[in-house]
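Structures follow.
Same chain, two partners: chain A is paired with chain B first, then with chain C.
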Partner chain A sequence: MQASRARLFKEYKEVQREKAVDPDIQLVCDESNIFKWTALVKGPSETPYEGGVFQLAFSVPEQYPLQPPQVRFLTKIFHPNVHFKTGEICLDILKNAWSPAWTLQSVCRAIIALMAHPEPDSPLNCDSGNLLRSGDVRGYQSMARMYTRLAAMSKKG
Partner chain B sequence: MEDDAAIGVSDHVSSESNLEDSSCCCPICLGPFIQLSYLDKCFHKFCFNCILRWTNVVAGKHRSLPSSVKCPLCKTENVSIVYGGEGSSFQRHYVNKDFEDSFILSRAHRYRLQCYYTDQGLLDDIFNISQYWRSRKYTQPNCWLESWLRREIQALIQEKDVDIIMHHILGVVKAALWTRKEQKSHMNSPEKKQEEFKMSVSEAARRFLAAKTDRFVYEIQLFLASGMNIEAYDAVYIQRLGWSSPGINTEVSHSALVDRTTVIPYLYIFDGDSDENE
Partner chain C sequence: MQSKEAVVDDGEITSSLNVANSEFDEWNNFGDDDIMQQQYTIQADEAKKVPFVGDKETLSSLAAEYKSGSPILLEKIKVLEEQYAAIRRTRGDGNCFFRSFMFSYLEHIMECQDQAEIDRIQPNIEKSRKALQTLGYADLTFEDFFALFLEQLECVIQGKETSISHEELVIRSRDQSISDYVVMFFRFVTSGEIQMRAEFFEPFILGLTNTTVEQFCKSSVEPMGEESDHVHITALSDALGIPIRVVYLDRSSCDTGGVSVNHHDFMPVAGDLPNASCSSERNIPFITLLYRPGHYDILYPK
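Entry: the complex of A and B
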């Protein structure tokens, strides 16, 4: 408990300093609970998510960093490895391949990488996965782009 | 304005790279190292407690104890955590205790290691090294030398598999003593022969035994000069030093026992520097 708190506090300070470096990630800690974080990540360029800003919710366990944080998309996203309804993410480093050397910041980077490189063979969103698996890249891209426009872009844009 | 931004960024980058090459803090707690320790293969650094707790988490996920743990930074499989490195010694915590048990020093090994912490020359009146050289006894092969060397090296470097080192040193010893350059070496004085022997053996052994090399070369000569087998030789040594023997607990003067067993035979770091220290 104490260890996770101390570590999160270190991450908090690091995030404050790093803000200028990674313009694609904005990590914010809940004002009253250091175990709750949200992140805004920019959709990677040259993907159907380009131009969108996606909100992630982090729930950090007390055993952190020995256990991975729970992360899910709050913003609706059409992606093979993200559950369309719950926003749950299927990513190895958030499960078996977790290492305590990961930080919330680097988890965000991993999620951005996942957005750019979907793994259709372990789908949480079967429709999205099937499109890619059947080779219909255009179909996948247009669906993903549509949801990016609908959910991840400000109405003005 | 642009200049300012550039400076700001490079500042951030350097502080970040500091964090990433983990020279300043433990990658698990992100704090300064507490009881600095290393993984034994990749040598990544962690707080001892941090990496130990992670190791236990990993072990908890397996039905049977794994023999290794992946480094959180580079995924290299490591079998032990090296910690407590102060001065010339360090300790190891094995991921799998069974693995550690595969080689623990036997009492005879520990005993031999303790001998290296006594003053040299305690048995000189029993086994006369210079007599050994002068009388050219060295020309007679010694069939126990191989086993004796193996145990000695195992004790000194605390590894089970020392065959390569043992054969290397044995080869050098044999070459120095028993090769047929007799015509030539007969003309050499025994002193010269002894010097040659000490030189070539210590040269062969130093990279493995470091600071213990000179004593090791002396102990080889002592063993050879004894002309005894290992059991008999140990018995004489034990009798002289008055320690409890490897096998039997005998009544010994307590002060001697306490004095001489205070040295805990940790693993010794063999680096170039330690050569000069002794």
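Entry: the complex of A and C
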């Protein structure tokens, strides 16, 4: 508990210092609980998520950083490796390939990379995965783009 | 209840199935997080049975395990009994090599009050720290693990405020918040060494997994619970400059008749070797591990 707190505090300071370095990621710690974080990540360019801003919720366990944080999308997203209803993410580093070498910030980067490079062979959203697996890239992209517009873009734009 | 166990058995495969197959409605609410939680619970239950590091036992306890097993193994255990006095078991959680190494190393320094060894290893630890920085690791990701190990090194030397007893060393090596941190320290050191000498390790890694060196470190060295192979042992031994003897207990036998037990000494490439046991003999490993396919324990020579 003490160790995880100390580590998270270091990450907090690092995030403040590096804000300008990673303009695509805005990571914020809950004011009253250092084990709860949220992030806003920009959809990578040249993907159907471009132009969207996606909110992620982090729940950090007491065993952190020996155990991974739990992360899910709060913003609806159509992606083979994200559960359409719960926002749960299928990403190895959040499961068995986790190591303390990762930080909350680098997890955000990995999630952005996953958005740009979906892995349809281990889908959490089978409809999305099946479109890609059957080679219907256009179908996948238009669905993903539609949900980006509906859920991840401000209404004004 | 049974369906839950099945989910854990098959890991990720079933986690995708639970969405695909609407027949298993209750699985829809059973996500990866639940599976992870259940895995942690199982690990905690396991923990109650076998500590991270066990008590010293005689080798006859090893023989008892194979009472109705292979006669070759029993023969080999007899040979081992001539050379080795005791065994100390570690938990089979994928960290057994690093955990055995940790205990064996700290216990050696404690028993010999080997301050010279601490002085010798410290520059190597600093070299590892630099290596990780060079490789682009942020300090905050590894520094806590380094600090905790250095603290343990200080504690085993007697006559200081922070000094601990042998009993306390055993307690600490069973305490997850210390033991796992030291294991993780070794994982960082191992990963750094492999990546700094990527050209040397690449062919061995290709033989094991067919991935890049970096990918191998990310998936098979750094995550807790990933088992160690000769690549890990070579890298750790080289990085810290500590020779390691591994004694192999398997069913292999030689044609020449008599049963013998093979061992392999991992000798670091670097020049400055620590002293063996408490004597002045160099180049003989003071860490001896017993390898049985898939698992490492600690051996005590007579």
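Please note the rule applied: the second predicted complex is superposed on the first by the 157 of 157 C-alpha atoms of A that agree within 3 Å, B and C clash if a C-alpha of one lies under 4 Å from a C-alpha of the other, contacts with A are read in each partner's own complex, and residues count from 1 in each chain.
In this text, a residue touches a chain if its C-beta (ideal position, glycine included) is under 8 Å from a C-beta of that chain, and two chains touch if they have at least 3 such contacts.
Just so you know, these numbers come straight off a predicted model, no measurement behind them.
Student: When the two structures are overlaid on chain A, which partner does A:K76 contact: first (chain B), second (chain C), both, or neither?
Tutor: In the superposed model, A:K76 contacts neither chain B nor chain C.
Student: Can A:R5 be said to touch chain B (first), chain C (second), both, or neither?
Tutor: A:R5: touches no partner chain.
Student: Using the touch definition from the top, say if A:R109 reaches chain B (first), chain C (second), both or neither.
Tutor: Neither partner.
Student: Under the stated touch criterion, which partner chain does A:R17 make contact with: chain B (first), chain C (second), both, or neither?
Tutor: In the superposed model, A:R17 contacts chain B only, not chain C.
Student: Which partner, once the models are overlaid, touches more of chain A's residues, chain C or chain B?
Tutor: C
Student: Looking at A:K36 after the superposition, I want to know if it touches chain B, chain C, both of them or none. Which is it: first, second, both, neither?
Tutor: neither
Student: Return first, second, both or neither, reflecting whether A:R133 touches chain B, chain C, both chains, or no partner chain.
Tutor: Neither chain B nor chain C is touched by A:R133.
Student: Look at A:S99 in the shared chain and tell me whether it touches chain B only, chain C only, both, or neither; answer first, second, both or neither.
Tutor: Once the two structures are laid over each other on A, A:S99 reaches both partners.
Student: After superposition on the shared chain, which partner residues are touched by A:T86: those of chain B (first), chain C (second), both, or neither?
Tutor: Touch status of A:T86: second partner only.
Student: Same chain A residues contacting chain B and chain C, which ones?
Tutor: Touching chain B in the first complex and chain C in the second, residues 3, 6-7, 10-11, 14, 65-67, 99-101, 103 of chain A appear in both lists.
Student: Contact residues on chain C for chain A in the complex?
Tutor: 11-12, 15-16, 19-20, 31-33, 36, 40, 137-138, 140-142, 144-145, 177, 180-181, 184, 187-188, 191, 218-219, 222-225
Student: Of all residues in chain A, which touch chain C in the complex?
Tutor: Checking each residue of chain A against chain C gives 3, 6-7, 10-11, 14, 65-67, 70, 83, 86, 88, 90, 92, 94-103, 122-126.
Student: Provide the residue numbers of chain A that touch chain B in the complex, in ascending order.
Tutor: 3, 6-7, 10-11, 14, 17-18, 20-21, 63, 65-67, 99-101, 103
Student: Would you pull the chain B residues touching chain A in the complex into a rising list?
Tutor: Touching chain A: residues 5, 8-9, 12-13, 15-16, 19, 27-31, 50, 53-54, 57, 70, 72-73, 75 of chain B.
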